[in-house]
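Each chain carries a letter (A, B, C and D) given by its place in the written order, and its residues are counted from 1.
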Amino acid sequence: MIEKEYAYYAGCSLEGTASSYDRSIRVILKALGATLRETEDWSCCGSTPAHAMDHVLAGALAARNLAIVERMETATLTTPCPSCLSAFKKAHAKVTQDKAFSDEVNQLLDLPYKGGVKAKSTLQVIYEDVGPDAVTSKVTTVLPDLKAACYYGCILSRPPKLAAFDDPENPVSMDRLLAACGVDVRDFVFKTECCGAAFGVPKKEMVLRLTHKVLTMVQDCGANCVVVACPLCQQNLDLRQAQVNRAMGSSFSIPILYFSQVLGLAFGFQPEELGLDKHIVSADALIRSRRPKGAEDAAPPVKEKARKSTAQGTAGKPGDAPGAEGTASAAKEA
Amino acid sequence: MRVGVFICHCGNNIAGTVDVARAAEETAKLPHVVYSTHYMYTCSEPGQDEIKQAIKRENLDRVVVAACSPRMHELTFRRTVEKAGLNRYFFEMANIREHISWIGENKELNTNKAIEAVRMAVEKVIRDKPLHSTAFKINKRVLVIGAGVAGMQSALDCADGGLDVVLVEKSPAIGGMMARLDKTFPTIDCSICILGPKMVDVAQHEHISLHAYSEIEEIKGYVGNYQVKVRKKTPYVDWTKCTGCGECMEKCPTKNAYDRFNFGVAPTRAINIPFPQAIPKKATIDAQYCRQIQKGKCGVCAKVCRANAINFELPDQFVTEEVGAIIVASGYGLIDQELLPEYGGGRYPDVITGIQYERLLNASGPTSGHIQRPSDGTEPKSIVFVSCAGSRDKSIGIPYCSNFCCMYIAKQAILTKDHIPDSQSYVFYMDIRATGKGYDEFTRRAQEDYGAKYIRGRVSRIYPKGKKMIVQGADTLLGAKVEVEADLVVLATAATAAPGAAALAEKLHISYDTHGFYVESHPKLRPVETNTAGVYLAGAAQGPKDIPASVGQGSAAAAKVLALFSRDMLESDPAIARVNQNACVGCLKCVKTCPFQAIKEQELRGGEVVASVIETICAGCGVCTSTCPCGAIQLQHFTDNQLLAEVNSLCLS
Amino acid sequence: METIHLTGDTLNNFATEIRQTTGEDTSRCYQCGNCTAGCPYTEFFDYPVSQIMRMIQTGQREKALNSRAIWLCATCETCSTRCPCEIDVADVMDGLRNIAYREKRFTERDIRTFYEAFLTSLKHHGRIFELEIIARYNLKSGHLLTDADLGPKVMKQLHFLPKRIKGRDDVARIIKRFMEKK
Amino acid sequence: MSVVEGKELRIVGFLCNWCSYGGADTAGVSRFKQPTDLRIIRVPCSGRVDPLFVVKALINGADGVLVSGCHPRDCHYSDGNYYARRRLEMLKRFLPFVGIDARRFHYTWVSASEGQRWQQTVTEFTTLIHELGPTPAFPQDQTVLKEVRA
């Protein structure tokens, strides 16, 4: 188990449409023994629009946050959002490698960034600093109905020199973390294919076509859900799934889960603690059958229990829902 | 002392950025220089005549030529001065082309630098001593390393010329890559049909002794007299008894051994004979897969062998061969698909390499010449060939062209159509490199007569969809992205240096480039020589090349050896270490540091112990000279005095 | 089709400009088409990426900067990941956008509107406020009903009140300084 | 005559004939432009370079000395470059004791095919020497130096 402290940067999406990602990340990192220190008064990383406009502006917007983290004296910054991560990594690389760029950026900033922050995605933190074995040791619950396609999105491991994490063509970190939870992970070939990214609003027709391709490949590999690590991927695949179906004449009903939510379920947390109730395409049917680890397949009482608690959850009474202990006690009863 | 200086224009190569007239004028003022001139092409016949005449006319006793690199023309000018009656070592070269005119842009600085280069050379030449070669006997046997088509050609040419040849091959059978090919471009001859007779010749030639399944352990000596220690790897089979009946292979229960000969396109047995025409036709056990060797129980082959040839205890054996020259024809390797993750990195059974496809096409291959998808054994109808799979790809450190892929892809596309008439081949290419005789016509035939669809663009990704492989590429001529649904994808994987190439080079003391290919002495004019006297190159060990080029080089290397051996004696390089026994205190540090054991201790009549150089062994590195605490042992032509004079000419002025 | 004249002093200027903007050397591109082959957006582009690279090599500045492709590129990094010549192609596309931005060439109006809505939100609040961006975008673009079909469940997830951070003035200052510098 | 004042500094290079001298030739053949300060002395092997040559050069007015040989394991004379490495490494540690900035001496390995690497080596070393400036004059009364200089 890690006893480690990270500076945490949630990012704008995780305060809005992707709040469930934020919630589930916090829940599982706490369970895994990591301490997250909030990046105080963080601002938007600049994302796609800023770097499209100007590299120096984009660098400054990202570097403002890096400078704040630098003062926190926490060596590693972690963010769940690949887009924010990419903005930080690009800004850091350019500031540390290009003196002229660094000067230009720091001229725009009140507090200069000196180049002392290492940024890692939260997935990387869990995969590398915690590791699949430690994850397995936390698992209390199995998810027998889940057939997952792990979808990493385009920039989590690419370009390889900048990302410096996992394989650019066939990343495996999420697959291994899920496998460590006993989840049936499918061989999915579109792991890094782009979903349309930030073009959901201005170029919807484009995003719908790309998303349709991804969902088709998900279906082809026999998966019944997609597990993601990017708020934008989740948004395009989940939020827009009905739009895809309307535009392309398909009839997908594929829940899109954050990897942190799957880990959370496996650790015994309840769906609403992980924000699963927020998703448009419901995952209820897939997680209904979850049961304590080690219980026999044909142990009906446990199944009953599990089903009941899920039903409670979806009824919208999060306060009443039993937490991790609930599942654990169910296991004891069994 | 009367030194003459000759400054070469080299056309415009030097005169373009060095003021040669001023250089001649300035160097004429140097001490000991009595004559200085400049000339258009000093290396030309009139240029050399000019030197000879000046030596006579001006009564010169030392000569400095400022021109190109001494690695280029030092020997030329040594002969020139020798013809004019001087000792050939009364000559120095100042490199004002490669090291000055070609790399510096400022004419003033270049000219100044050229003058200094001449001054250094003058300081050295006035300290040159006359040196004389001694003659020594040549051992007229030749070692050929590698029995692919290049090495076999060298061996046969040398043997036909009457030389005794020692041929060492690291795999259990000779034939190399060519033995694996089905047909050859641009004639579509059957590869083994033309290679087989050569293999038999090699096996039967009275002048060739073959060590198969053997590697070079150690090489000592010098041109004319090498001692080579060969490790004969154990096949765990006594080859003197093995009849090659193949009974053991049939009965071996391990059916999943990696087939090195077939590049793993199908499994083989732990004990096997690589292919039906194998020479020597002897069984070899792959220890990694053998149950008896790994786990101590099985021994089926030993039970079925009627010749009693199986011996699980058989150790590696060593033989030492004495030879006078070495031809290195150790071949090439191919990259692993792992380097190409965007093409699946080897995870997809229906994405195979060109050499694997060759084995599928081959009648003696694992599918008896029927093209079958490795995944399900069905006959593919849509086949995609991807050229430059790893070649010309800086991102994986292979910027070079693999030379023969364009041609073998065209051949494979043609053969595919022959095998499966209702198939369609697609070839993704960046450029079609078909410069040999009849080559371009051949690639046209693939398209015009056999309907192969050539698409100009690189493939970005290959992934499975259902039973098909989706090949995502570009047609840059259309300016479009294209996709092909393929049943089978063949990657023309990049050619690399052979595994272990660097280690072998180090044993031979020859150079290799960044990619592990061996470096020839001159890229144009000495293509089969190395910088180590007596060591020659043939075939793809020097760089990827096709069969005709490999055979040509094999013969060329053999010709070089035959020329070398046409004399009975060789002249030694006199620029070796020499001991001043009056100054030697007998500490014998030089004996310990000499990399060649060329220094021995000698007891003088008075009982004093001094060092003494064995002239035939000394290679002239000068490590001893830098080691000697009292300057008693001096490397001739590079003495302390000479090198310090060069340093001082630069620093003390 | 027009005849492109390749002679003249300006042939290499554009490539030099791109090198200065991005640090990428486009002369390394040998036009294999790998970027075009892998790009998920090729089907939406007016010119495939490899041709944009070619325009840089041949000094076709107008054509490249007025292309729609440079705006439709999502920086998914497929091209940069697989380029055999180790060119950061996505960065080159970004550099083209930067130049086009400076010169106010916007061939994709909706994308520009979206980006500006984004940056406005950023300037006002220091962080992004998704509902505001959509609202601004819809008003400016005239596509009033964009994503109205997403339904109430989505809308519920969007904050109705923007979060304002203490440092929003910092962010505004960054943008102000940037604008003044230009 | 010496270096062109104000434009060049005095840099002496000892290059082994088989690898680095060939590498410098390759750089020339490929027309890889380089600063002109370096003067090259050809030796058969980097193992022939006596550390005394380096010290003498530096004491007698060189501003920098570069030694380059074959890559370790790729020596034309088996292991001459190992001897070189051992001696030159010792030399690097010894230089400060005679009052010489050790950065003025550099040794490296460049093969005959590495023209580009040679260009880079020369350019970087020359830049460094220019940053360090000319070697300060040695006090004349140091007897050790007098001996060495002799």
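For the reader, a short list of remarks on this structure follows.
Just so we're on the same page, a residue touches a chain if its C-beta (ideal position, glycine included) is under 8 Å from a C-beta of that chain, and two chains touch if they have at least 3 such contacts.
Note that the coordinates shown come from a computational prediction; the quantities given were computed from them, not determined experimentally.
Judged by contacting C-beta pairs, the busier of the interfaces A-B and B-C is B-C.
Taking each chain's centre as the average of its CA atoms, subunit A and subunit B sit 52 Å apart. One inter-chain figure worth recording: subunit B and subunit C are separated by 50 Å, centre to centre, where each centre is the mean of the chain's CA atoms.
Averaged Cα coordinates give subunit A a centre that lies 25 Å from the centre of subunit C. Annotation: 30 Å between the Cα-based centres of subunit B and subunit D. Residue positions 168-169 of subunit A each touch two or more of the other chains.
In subunit B, the positions touching at least two other chains are 342, 461. Listed for subunit D are no residues, as none touches two or more other chains.
All chain pairs that count as touching, in label order, are A-B, A-C, B-C, B-D. Those residues of subunit D that touch subunit B in the complex are listed here as 1-4, 7-8, 10, 12, 17-19, 21-22, 24-25, 27-29, 31-36, 39-45, 47-51, 53, 56-57, 60-62, 70, 73-80, 83, 87, 111-114, 119. If you check the complex, the residues on subunit B that touch subunit C are 342, 388, 392-396, 430, 456-461, 472-476, 479-482. Touching subunit A in their complex are the following residues of subunit B: 341-342, 345, 347, 461, 463-466. For subunit B in complex with subunit D, the residues that touch the partner chain are 26, 69-72, 95, 97-100, 102-106, 108-110, 112-113, 115-117, 119-120, 502, 505-506, 509, 511-514, 519, 531-532, 575, 593, 595-596, 619-623, 625-627, 635, 638, 640, 643-644, 646-648, 650-653. Subunit C contributes residues 21, 23, 40-41, 43-44, 71-72, 74-78, 80-81, 88, 90, 94-95, 97-98, 101-102, 108, 110-111, 113-116, 118-119, 122, 126-131, 133-134, 137, 141, 146-147, 149-151, 153-154, 157-159, 163, 165-168, 170-171, 173-175, 177-178, 181 to its touches with subunit A in the complex.
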